[in-house]
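One chain, chain A, links the two complexes that follow: it is found with chain B in the first and with chain C in the second.
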Partner chain A sequence: MVVIGAGMVGAACAYYLARAGLSVTVVDRGSVSGGTSGAGEGNLLLSDKERGPELDLALRSHQLWRDLNDEGLGPDFEYEAKGGLVVAFAETDFAALQTFAATQRDAGVVTEEVTADRLSEFEPHLAPGLAGGFWYPQDAQVMPALAAARLLRASGAEVRLGTAVTGLQFSDGTVRGVRTTLGEIPAQHVVNAAGLWSGEIAELAGSTLPTQPRRGFVLVTEPLPPLIRHKVYSAAYVSDVSSSDAALQSSAVVEGTPSGPVLIGASRERVGLDRTPSYDALGRLAAQAAELFPFLERVDVQRYYCGFRPYLPDHLPAIGPDPRLSGFFHASGHEGAGIGLAPATGELIAALVAGEKTAVDAEPFNPARFASPQPQEEQR
Partner chain B sequence: MSVQFTFDGRPLTAESGQTVGAALLAAGVQSWRTTRFGGRPRGLFCGIGVCFDCLVTVNGEPNVRACLTPIADGDAVTTQAGDGRG
Partner chain C sequence: MAAAATAAEQGLRVALIDSGRQLGGQYFRHPAPGLNAPWIAHLHHGWSRFERLATRVETSHRIAVLFERQVWAIEPGFNVLTDRGPIAARNVILATGSYERVVPFPGWDLPGVFTAGGAQALLKGNLVLPGRRVVVAGTGPLLLPVAAGLSVAGANVLGLFEANRVRGYAKHPVPLLKNPAKFLEGVDFARQLLRARVPLRSGRMVVEAQGTDNLEAVVIAHSDGSNRRRIECDALAIGYGLAPQIDLGLTLGCENKLLSDGTVALRVDRSQRTSIRGCYAVGETAGIAGVECSLVEGEIAGLAVAGASPGGPLTPRRDRLRGFADVLRTQHPVPAAWRDHLTPDTLICRCEEVPARAVAEAVEDLGATDARTVKLLTRAGMGWCQGRVCGYAVACLARRDPAEPASAADLLAAAKRPLARPVRLSVLTELDQRNK
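Entry: the complex of A and B
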């Protein structure tokens, strides 16, 4: 069994595959969490997901993250069940939030309406004059680079870093292993968890996975005492996440960290793999964060980081068997939700590899939806 | 040209154009912050504005990077404990 990619999703795949008794080797062209996993905030969110397959996956993942924490791994990667507070600036936003939250509640999300007068009970330093909000106690956070590293270690998988996959070995339509810059690795199953590079890996099998980078910036403030208790963001974030626009969208997601600095995300734009700092994006994030928490106006931003989410055009990850090559699986395209969705993805892959019943319906994530129409066997 | 400043109340002299960090090192001071959790001493590490290890309080403003901030005449530099906000 070979997993391509030592990010959060690859690590979770390795963990659940190893737990199913498979011998796993993880290869990565760079380092552990060297791509998207090392450039995010570590959000485990239910609050931003509309009713549908991604929410089902997120709900399952929520349970699995709790299980991982109960198994004793949580403190290793700063697991915090801190909850999320989504706030609305205007009455119309609040009304939209009420409708949205009602559909989520039907799907099993725990959420509670917070009227304007009670917002300060949740966040004492929040700006005055907000219309109201919703409390999502299941939202949580991990330190993503550590989470990937700890799950890799817990999996017992052999990890080969600095090892780029250059080809897939196959015969009779079945995968037999991978070719890498450091030799060949035979395998009966190969999982493509290469994130931003998963499209290139899919091409090695002649398949199509139209992964595109969606850029984001995160501002990091100077270390502060604990002033922000939860994940706090404005209702506009939800529509930004589901937008397919290539142009810049930004809405502040603000949270404290155990080590002191406050993290401020999240901008989204499709500009290729361009790392040039965008002062437009950085300035908007800072201004939006200060709108939520006025005290931030007097706090220095010490640095920022930049990363790229692996974006698929229908905003759903590709999880499941490759449509062309037997034994080859994809687990990629989670966009900005890959940390949160990783355990359920790994569990899903392990079940699909074993041919067992899956915990959530796998069909909406079937990578075959991107297959180019050509004469080949039916998928279902 | 020399510049007069204080470190934790102690009068010290620096060369004009030196950073706070350089001025402190030249005066024999190697540590001017304690860490937020372990209370361990910190001073210059990278020295080029990247690592944020050399944070210090200058004229009451916490979390100033000693390695990048020029020392000015009359500056009151003080040891920063933790996040510098008590």
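Entry: the complex of A and C
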């Protein structure tokens, strides 16, 4: 069994595959957490997901993250069940949020309406004059790079880093192993968890996985005492996440961390893998964060980082068997939700490999939906 | 100053931005008016040159000197982003100097342990001695003036310990003979120290600093740990050379080059142009080369930016000084043995309090194969100094095999800081206003 990619999704696949008794080798052309996993905030969110297959996957993942924490792994990667608070600036936003939350509640999400006068009970430093909000106690956070590294270690998998996959070996339409820059590795099953590069890996099998990068910046402030208790963001974030627009969208997600700095995400731009700093994006994030928490105006930003989310045109990950090559699986395209969705993705892959019943319906994630003809992305 | 004065004399309008409160930077650092000491004249070499330069800057009506401004990034085109708002410019000359390179050793976080340049800055800027009984150690030409200055100002300098053997210079006679003044300056410092009975030893390094609340002693040894000797002292001034401060240029996209001592500098052409049109780099930003070279390069860039050709003796003089600097660099590497003296508890990153044990775990157990991942998994380099202090050490420690030198990519990563300085969030929100 070979897993390509030592990021969060690859680590989770390795973990659940190894737990199912398979012997797993993980290969990555770089380091652990070298791609998207090392450049995010570690959000484990239910609050931003509308009713549908992604929410089902997120709910299952929520349970699995709690299980991993109960198994004792949590402190190793700073698991925090801190809860999320989504706030609305205007009454119309609040009304939309109410409708949104009602559908989530039907799907099993725990959420509670917070009227304007009670917002300060949750976040005392929040700006005055907000219309109201919703409290999502199940939202949580991990330190993503550590989560991937620790889960990978806990899997007991053999890990080959600095090893790039150059080809797939197959015969009679069945995968037999991978070719790498450091030799061949025979395998009965291969999982493509290569994130931003998963499209290139799919091509090695003659398949199509139209993964594209969506850039984001995160501002990191100086270390502060715990002034922000939860994950706080404005209702506009939800529409940004599901948008396909190429231009800059931004809605600040603000949260404290156990180590002190406040993280301010999350801009979204489709600009390829361009790392050129966008001072417009940084300025927008800062302004939106200060709208939520005015005291942040007086705080120093120490650094920022830039990352790329691997997204697919329909904003759903591809999890399941490759349509062309037997024994070859995909687990990629989670966009900005990969950390949160990783355990359920790993569990799903393990069940599909073993031919067992899956915990959530796998069909909506079937990579076959990208088999030619390629669907056109909707234009907005 | 040299670049600003020259460009202004060519008719250009210049904004000279400095984070300090007065002209002079690090080299010509001097106390605020009113502070004085009888030995102050001995601290500065070429003071009259500073006075001439300062006069050229101060009397020019084309130069606006902007003190206490921190540049945190430069936008292409150019928009110089400072902590007090942006400044538009057609050309930019980077003369941001250098910062000190240090490596960790047990006890290096004790009060009383200073960097060599830090001790010197304290003395030059505040007329304060770091201690009464001082040991100077590390490597590089900076140690000589530091020890001489401390001695002149009344400290009992218990020894100057240069980690590298100095006899290697004999292999490079040509650059040395072409730069007799530089060479004699070193000899002059050495003579001064001998007169003050300061022991000079080479091939020895500090392997440990001891003390409970404050520094009480240092242990000096050969790099293999043999010949250990304990010296009681209340201050240690230690430095392993200088590294170019090039974060602004790197973020702007300027090409860079890795030098033989493991530092990264901006790549420049004969007129000090970087790979980004309109952006120039002079002095230490183009590779550590000392004050003479910095001044010449400032003149060259000041002429080039105005479209004038730097004729006459300027370019040959710069080339000669650069040749000397390249020899110096080869003679003062950080001894690879610094790693051998770490204990699991030795802090590598002081800002985030990351011990050597955590870095070793990241590399050996958790799959970090480069400095970026070590940083991600341990937080080393994420704190206030943004890796200026621990960046070099982490780049070395990211190699599982201690015999392998740090990779070029990791050394470059140690020089990169997307925000050159921490910036108030309100300064960023003002950037957002301009788009409305």
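Criterion: the second predicted complex is superposed on the first by the 372 of 380 C-alpha atoms of A that agree within 3 Å, B and C clash if a C-alpha of one lies under 4 Å from a C-alpha of the other, contacts with A are read in each partner's own complex, and residues count from 1 in each chain.
The rule is simple: a contact is a pair of C-beta atoms (placed from the backbone, for glycine too) under 8 Å apart; a residue touches a chain by one contact, two chains touch by 3 or more.
This one's a predicted model, so the numbers in the text were calculated from it and none came from an experiment.
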{"item": "Partners on chain A (chain B, chain C) - clash or fit", "value": "clash"}
{"item": "First (chain B), second (chain C), both or neither touched by A:S33", "value": "second"}
{"item": "Which of chain B and chain C A:Q302 touches, first, second, both or neither", "value": "both"}
{"item": "Chain B versus chain C as contact partner of A:L224, first or second or both or neither", "value": "first"}
{"item": "First, second, both or neither for A:R150, with chain B first and chain C second", "value": "second"}
{"item": "Residue contacts on chain A - larger count, chain B or chain C", "value": "C"}
{"item": "Which of chain B and chain C A:A102 touches, first, second, both or neither", "value": "neither"}
{"item": "First, second, both or neither for A:A354, with chain B first and chain C second", "value": "neither"}
{"item": "Which of chain B and chain C A:S259 touches, first, second, both or neither", "value": "both"}
{"item": "Contacts of A:L161 with chain B and chain C, given as first, second, both or neither", "value": "second"}
{"item": "Superposition clash, chain C versus chain B, among 114-122, 168-176, 204-212 or 222-230", "value": "114-122"}
{"item": "Chain B/chain C common contact set on chain A", "value": "222-223, 259, 300, 302-303"}
{"item": "Chain A-touching residues of chain B, taken from the complex the two chains share", "value": "36, 52, 55, 62-63, 82-83, 85-86"}
{"item": "Residues on chain A engaged by chain C in the complex (per definition of touch)", "value": "6, 30-34, 38, 145-146, 149-150, 152-153, 159, 161-162, 219-223, 259, 261, 276-277, 279-280, 282-287, 289-290, 296-306"}
{"item": "Sites on chain A touched by chain B in the complex", "value": "222-225, 259-260, 300, 302-303"}
{"item": "Complex contacts: residues of chain C adjacent to chain A", "value": "73, 75, 81, 251, 253, 352, 362, 365-370, 372-373, 376-377, 379, 382-384, 386, 417-419, 422-426, 428-435"}
